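What follows is a set of structures to go through.
Both complexes below contain subunit A, partnered by subunit B and then by subunit C.
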Partner chain A sequence: MMFLSMAIMAQGPVITKYFNDLEDNENYTKVSVSQKMFSMFTELEAGSDAENEFLEAVSKLKGLKIIAADSVADAAKMYKKAVADVNKAGYEELMSVKDAEENMQFSIIEKDGIISELLMVVGGNKSFVMLSLYGEIDLKNISKIAQEMRVEGLENLGKMHDDHDKEHDTY
Partner chain B sequence: MDLQIEQLLEKYRNGETTIADENLIKEYFKKNPDLSMEGQYFGKVDSSRKEVPSKAFKHPGRKRRLTWLSAAAAVLIVLMTLPFIFNNESSQEQFAVENPAEAYEITRASLMMVSNGLNKGKTYSKELNKINEVKTIIKTQ
Partner chain C sequence: MVKCTMTMTRNTILISFILLLGFQNLFAQEQPLKDFAEERRENKFCFYPSTLRMVNLANNPDFDDLVNGIEKLLIYSLDSTARADKTYKDLIATYEELDYEELASAYGGKLNFYIYGKDKEYIGIIRQEDLVTAFYMRGQIAMNKLPQLMQSMSEGDFINPFDFNLDDFGKNTQDQ
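Now for the complex of A and B:
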């Protein structure tokens, strides 16, 4: 039982800690999606390449946890603290991006070439996001979702309007 | 068989004897072993008391205490791990999305965000490369 609880802890120790610390803080939205939910999505049929990539990514996930805030005064401080906590917890930094609007850091937990957790921390002027994906993470697969989506978005721009009209007719 | 014993046996059959009476009967039959039904009966009652089982008898009380002890230990372990489980699951469960449609939207948006972020890194490195290219062009001119 002790080991079981330790195994639970191992699934995203940093985001779990932040969930607890910010439990009563209404400024931060906290969401968690379980593997049970993911298994429901995978029964859906993929209609496009982007959806295909999405469902493939989801099928290997065990959990998703998000902490997000869009109007907190101490967002920059939170980001700094979060990044420090992530590094201290033994995560490997994958990459960090900095621009005028926000800072972003991706960190991973990897063992034998398999990424078991991808942790993204974003800190803007007033916004803060911590997002953890755990399970088996394929970075190539996940980065393709947005790429495919962009292509399809351009292709379907005209088509979408037609679909909308049809929907209204059926009502 | 004397009269007193005869009377006591009569009382015994009627279930009216006291322990002292019964002891008197037993004493009598011990001193005067006799082949009558009563004589054999009381002789047997006395000797069977002294019988020792061939197997050593273990008192069940100790074993019972042991199971009580292990139960207490189990409860202690549960109590000790409860805060961990509670911290990690129960208190986090209140944020779990129960509606599949909502969960789908959140998961989709999250993966898009991560995907965009990962691509942002790529475009950044591309832009950095461009800057470096420009720099080398300037240098060579």
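Now for the complex of A and C:
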């Protein structure tokens, strides 16, 4: 039981709950990338400094989970509920963006100066994205990972880039 | 005497190498996929390094880097029965029993895929609307080149080997 709860904690309690809740809902695409996949990056040889930075950052990740929908009627409701669940679960809000098109919130779980999960929730008029990146996360490398991986939904992490220095100072 | 010993050593190395190749094929775990897909296939494609480079129409260097370490790529497009009864999920269960670990998966929505791997062998199922593709790959893949390649794929730099038809591609790549 203890191991099970530790595994859920490692994967992020909120994303795990939403994965389970939306398991059979065909409107939502659920993507999961395992630690094994990330560990395969460690076997590669970097061709440049930038590539080396990316490989180093990625090799510390333990997983990535994404829930995404681009045409759901209750997107705004889902976003509100998800943000409430994230805050209730004890995540620390890192940054939020609100505009006419979509709302976005980045939250983290951090202990002893190490970020173990970065959770992003995005809600538009009809779109919803929840993305959880877990492992050992260095915020300096987030935009690099987002830029290099080009996974749908992950590009939003790049929006942290402009505010990165500010965030890093306040963090 | 020394010359004789060197010749024997060379022969021993050569024989060991041939035996090693034989054992590698013996242990290659493509058979469960073949057993499953041979009776349910619409098309089958088998690529080796030389033929794999042929799909790189724009000579994209990322593509060559990606496929450089691939020894074999076997692709089956499955028939309508397999698409309907979803028995391809049994194939995944078979590989799980062979200690293959999940690398990535996506389900729900328009794109579904399951990719499993063990050592340097990988199998996967990709379902896009009415097309289901199963593949087996042996070798090493340059993971860091994948994102650029996905981009290139959408720009038509090369034929997507998981989504092409025979009208688009030379029929000599078929491994019948």
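Heads up, the rule we're going with is that the second predicted complex is superposed on the first by the 125 of 171 C-alpha atoms of A that agree within 3 Å, B and C clash if a C-alpha of one lies under 4 Å from a C-alpha of the other, contacts with A are read in each partner's own complex, and residues count from 1 in each chain.
Heads up, the rule we're going with is that a residue touches a chain if its C-beta (ideal position, glycine included) is under 8 Å from a C-beta of that chain, and two chains touch if they have at least 3 such contacts.
Quick caveat: nothing in here was measured; it's all calculated off a predicted structure.
Participant: Applying the touch criterion given at the start, work out whether A:T16 contacts subunit B, subunit C, both or neither, answering first, second, both or neither.
Facilitator: In the superposition, A:T16 touches subunit B alone.
Participant: Under the stated touch criterion, which partner chain does A:F54 make contact with: subunit B (first), subunit C (second), both, or neither?
Facilitator: After superposing on A, A:F54 lies in contact with both subunit B and subunit C.
Participant: With both complexes superposed on chain A, which partner does A:I114 reach: first (subunit B), second (subunit C), both or neither?
Facilitator: Neither: A:I114 stays clear of subunit B and subunit C.
Participant: Which partner reaches more residues of subunit A, subunit B or subunit C?
Facilitator: B
Participant: Just subunit B (first), just subunit C (second), both, or neither: which does A:N27 touch?
Facilitator: A:N27 sits against subunit C, while subunit B stays out of touch.
Participant: Applying the touch criterion given at the start, work out whether A:M37 contacts subunit B, subunit C, both or neither, answering first, second, both or neither.
Facilitator: A:M37 sits against subunit B and subunit C alike.
Participant: Classify the contacts of A:A84 with the two partner chains as first (subunit B alone), second (subunit C alone), both, or neither.
Facilitator: Neither subunit B nor subunit C is touched by A:A84.
Participant: Please work out whether A:A69 is in contact with subunit B alone, subunit C alone, both, or neither, and reply first, second, both or neither.
Facilitator: It touches subunit C, and subunit B stays clear.
Participant: Looking at the overlay, does A:V97 come into contact with subunit B only (first), subunit C only (second), both, or neither?
Facilitator: first
Participant: What is the shared patch of subunit A, the residues that subunit B and subunit C both contact?
Facilitator: Shared contact residues on subunit A (touching subunit B in one complex, subunit C in the other): 30-34, 37, 40-41, 54, 149.
Participant: Spell out the residues on subunit B that touch subunit A in their complex, using ranges where they run on.
Facilitator: Touch list, subunit B to subunit A: 77-78, 80-81, 84-85, 87-89, 91-93, 95-97, 100, 103-104, 106-108, 110-122, 124.
Participant: Going by the contact rule set out above, which residues of subunit A touch subunit B in the complex?
Facilitator: 1-2, 4-6, 8-9, 16, 19-20, 23, 30-34, 37-38, 40-41, 54, 57-58, 64-66, 95, 97, 99, 104, 106, 118, 120, 122, 129, 131, 133, 139, 142-147, 149
Participant: Please name which positions on subunit A make contact with subunit C in the complex.
Facilitator: Touching subunit C: residues 22, 25-34, 36-37, 40-41, 43-44, 51, 54-55, 68-69, 148-151 of subunit A.
Participant: Write out the stretch or stretches of subunit C touching subunit A in their complex.
Facilitator: Going through subunit C, the ones touching subunit A are 101-111, 117, 140, 142-144, 147-148, 150-151.
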